[in-house]
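Each chain carries a letter (A, B, C and D) given by its place in the written order, and its residues are counted from 1.
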Amino acid sequence: MVGFPLKGVVPPLVTPLAGRDQIDLPALSRLIEHVLGGGVHGVFLLGTTGEGPSLGHAAQRLLVSEATRLVRQRVPVLVGITDSSFSESLQLARHAADVGADAVVLAPPFYFPMHQNDLRHYCTALAREVPLPLYLYNMPSHCKVSFELDTVRYLIDEPNIVGFKDSSGQMLFFNQLLTMAQERTDFSVLMGPEELMAEGVLMGCHGGVCGGANLVPRMYVDMYEAAVTGDLRLVHILQQRILRLSAKVYGVGYAPSSYLTGLKAALSLIGLCDDRLSEPLSSLPEDRRAVLARHLVDLGMTITPH
Amino acid sequence: MVGFPLKGVVPPLVTPLAGRDQIDLPALSRLIEHVLGGGVHGVFLLGTTGEGPSLGHAAQRLLVSEATRLVRQRVPVLVGITDSSFSESLQLARHAADVGADAVVLAPPFYFPMHQNDLRHYCTALAREVPLPLYLYNMPSHCKVSFELDTVRYLIDEPNIVGFKDSSGQMLFFNQLLTMAQERTDFSVLMGPEELMAEGVLMGCHGGVCGGANLVPRMYVDMYEAAVTGDLRLVHILQQRILRLSAKVYGVGYAPSSYLTGLKAALSLIGLCDDRLSEPLSSLPEDRRAVLARHLVDLGMTITPH
Amino acid sequence: MVGFPLKGVVPPLVTPLAGRDQIDLPALSRLIEHVLGGGVHGVFLLGTTGEGPSLGHAAQRLLVSEATRLVRQRVPVLVGITDSSFSESLQLARHAADVGADAVVLAPPFYFPMHQNDLRHYCTALAREVPLPLYLYNMPSHCKVSFELDTVRYLIDEPNIVGFKDSSGQMLFFNQLLTMAQERTDFSVLMGPEELMAEGVLMGCHGGVCGGANLVPRMYVDMYEAAVTGDLRLVHILQQRILRLSAKVYGVGYAPSSYLTGLKAALSLIGLCDDRLSEPLSSLPEDRRAVLARHLVDLGMTITPH
Amino acid sequence: MVGFPLKGVVPPLVTPLAGRDQIDLPALSRLIEHVLGGGVHGVFLLGTTGEGPSLGHAAQRLLVSEATRLVRQRVPVLVGITDSSFSESLQLARHAADVGADAVVLAPPFYFPMHQNDLRHYCTALAREVPLPLYLYNMPSHCKVSFELDTVRYLIDEPNIVGFKDSSGQMLFFNQLLTMAQERTDFSVLMGPEELMAEGVLMGCHGGVCGGANLVPRMYVDMYEAAVTGDLRLVHILQQRILRLSAKVYGVGYAPSSYLTGLKAALSLIGLCDDRLSEPLSSLPEDRRAVLARHLVDLGMTITPH
């Protein structure tokens, strides 16, 4: 059950894989216990970090059922339903409701470039048909279209839309969004890029969807709390650590997927799950993996023999 | 059965809809007879014009089975298998083979921005697993990634890849592609944008995937033949007509989907199918539809009372 | 004389015009007294807001001489020397030194797209030849090229480069830049977009180059001080005012120059200077000017009869 | 004197340099005789290939005077007046007229992103004030703004605008432009990218501004004539040579300036001028220069000992 507005650190959960479209259930359980042990305030399945759009539909459904079961209602479970097809998004949302997830998250359909009017209609229609509260997810680097401010102004009156995750990294837009969202006390504004969570929270947002919280959940929870309490000194210290992790883990592989290949390789090196990615992405090459292992040690983590 | 290299005009077939995810089978039959009557050399299902990625998977499968049946092997049937998930693309390709289609067409998976290496691996892996000949489809405006020349050079050695449809509109790339493709006599290079088919064929390509051939198939077939025979005078005359249709039909609606909304509205006005589009796109507004009707009359078409 | 590192609010001074390439000297004097009266910590001539690259060279030189004279060393005077030609930038820098300005500011030459290596060499060569301390100015929306982090890392060792103004709005880059700049105690990092100054200063930067400080200098100075002292409550209040001004003044005209046309029209409405812009930009249309006048009253300003 | 419409191959003349902002006059003379000897139909000074915007104003003026003198009215001399400042463009146009050049060429001012209305006003105002016929030059990769079709439709009624050079590489736009330009018999449409000149001429344009014609003018003149006469067989043969030169000469250096560094290095290798470029560009590195030398030999050229 989501308390509104949702606040804090909500990791976009990595999807542990044992083979093409095969969910690694023991690793999924380990990963969930790891992030919950770090104090996170929710989990988000099938996001970009969870490689949602790359998974076959059967694998998506299994992941949602199993992860929801494993979380055991300790924190809210949010499920990404982003798809290029409206009806496939809707069917996945129904499945999420059936197995007890708490909310769904929608980035725009990502094949056709679209007009803001089409985006409005799409989100409104889906918000009214899905059986769970809906978070919008702004992800222009992957979806091409960006939610414009007027579109958010229109959609914010839709009662079943309960929040907005912004991964655009456009802080001017984000600041305007924060102002706009103040009119609804149950509405949550969450920062996508983890390197910007601190300033987002300092300026008034509700938390962050930090991919790095798969790896070191406690660090992001600490940052969230430092920013909420306005402890600028601690914010500056933690920000150095977060930027360092970002450079050392996400900067090891090759653009444009170096974030995800680095994160999954790091999770593999500390023994949480395999580094296998769904097509079209591929694992960090062996030589880069060795560099990453040294970086993780520098960052104070313990490498697990493979 | 495809004769290699595939040559001529291959319309990307519009998907007639009777409701959300409901294929309008009588309209599908009318449309197929219309384009075959105009002399086209193949049909391409579930492309961008066919709104493939917006359809649910059940509707996709039904469209493929029915269209293949209705074509009755008079021309080759190509099936778009573009998806954000490798396994879903593969499953659709298997279905296409099962129901008797002739080839499959793949644009890159369109959620994750990707490195050219990832694109190579993806296309190679899929080319080896699909049970039909594979055409590559370059569509950067929708897929973000573009096939670079070195990637094509790599992939052209894959025997099951038998052609390349380029919708980038980048003629410098296209000309280089033509040179490269000369090393394989069974390899087909097809132009995407119909306004560029003439110059593509003059420079040596094999034909075009002309959306307007849903509406006036004969005009594009005539243009193909004029260009193949080097009749520049006729090319210039037909080019004026093609540009006029482009302006008058695709320029009536609102960007960025004005091509598809205009085309489907025009098909509806001449009585071939409904103007309904799959989400996220929406039909041409009523006032614009009236403008389009006048344009169609100017272009010499007959409007069917609604 | 600049104290290093330069801190606080440095308005990019609007260039008051009486005709094409004619500097309005009385208005220039009024504007300078207005901003100094609001407590700003420096002025920046011939920036983007000052329409530097649109002015003829004679007008540029006159503006620099006169403004420097009028400031009378009360605050540091920074002079934009951005040009597509190296030798023209250098000549303008020499003129700035001759007439007593304190520093020069360089955005990349903006005609040729360029490699980061070329950018490095350009900035290094110019930094060594100009007779004043040099600030770098990142302005990818106008210059196409962006300073990448490795380039800044390279350039930061150049002693005559004493600061970096970032107008990219890319906060992830900006945060990394802040970390990097800590190694030089005399190096100043300044935020370009005024809507992001607060969070920049909260995260550790030295101030902002706020265009709106031409209009209401005190508001930006207050914000700078609130952020430096970590008064989050006051930051949130002032941020609402800054965003409101941004929407009401910069959002009235037509993209992409609505910021500058709105700002100059507002300065004209409160009686500081004419709203004339250099080609290629043009003044706010009359109907929009009337809307802006109402907005300024809403924002608490006094309109001067025209 | 320009005969209207201007037709054929008009090389954008490289600017030979002996030092920063120092025109190498003997090399300029050699280069002019080289291209005129190859049968070109005009020369274009201070274009992108001529590094116009990178030169200081004194050097620009000297180049225009000297080149015009050296051409001795054998072919029309077109002078690029592109600048970020209206008044500087105008002054250069007056100088061009004073020294006997035949026409001026304007790409949009390239600092401020601008609205199409601003572009219209700019071009109209300049067309009315310059003392020579004006060609427009579409160069979005360097100027950011693109001439849209409606803007061209507006500007084509301006009598002193006598042609349009399109370097966008967007053939759909180009084809529409060709149709539009048919209403003025004195109006010339010229293709920028040399690799696209053949298809441009096949579709009806008047010629090309081929950078490679600095190096091998005859090849481009031959291609122009083959395309004008509709000799598709010869077009295909020459197109292979042009693409080969493009790959072997422009593909040797580093993006994004590999075209210009490759071209100037090649001119240096065959003894026409030094390979020095104006800042911000830099000469081809020594190792790449050796590769280029081998490529030139493969292409049949004779390397001059250095």
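In this section, contacts are C-beta pairs under 8 Å (C-beta built on N, C-alpha and C of every residue); 3 or more make two chains touch, one makes a residue touch a chain.
Given the structure is predicted, the values throughout are model-derived calculations rather than measurements.
J.: Which chain lies the greatest distance away from chain C when centres are computed from Cα atoms alone?
T.: Computed centres place B farthest from chain C.
J.: Quick one: report the Å distance separating chain A from chain C, using the average Cα coordinate of each chain.
T.: So the centre of chain A lies 37 Å away from the centre of chain C.
J.: Just curious, how far off is chain C from chain B if you go by their C-alpha centres, in Å?
T.: Chain B and chain C have C-alpha centres separated by 50 Å.
J.: Chain D: which residues touch two or more other chains?
T.: As it turns out, chain D has no residue touching two or more other chains.
J.: Specify the contact topology among the chains shown, as one of line, ring, star, complete or other.
T.: Graph shape here is a ring: one loop, exactly two partners per chain.
J.: Tell me, which pairs of chains are in touch?
T.: Every pair of chains in contact is listed here: A-B, A-C, B-D, C-D.
J.: Which part of chain C faces chain D closely enough to touch in the complex?
T.: 20-21, 48, 53-57, 59, 82-88, 91, 108-115, 117-119, 121-122, 125, 141-142, 144, 254-257, 278-282
J.: For the complex, give me every residue of chain B touching chain D.
T.: Within the complex, chain B touches chain D at residues 169-172, 175-176, 179, 193, 195-196, 198-199, 202-204, 230, 232, 235-236, 239-240, 243, 247.
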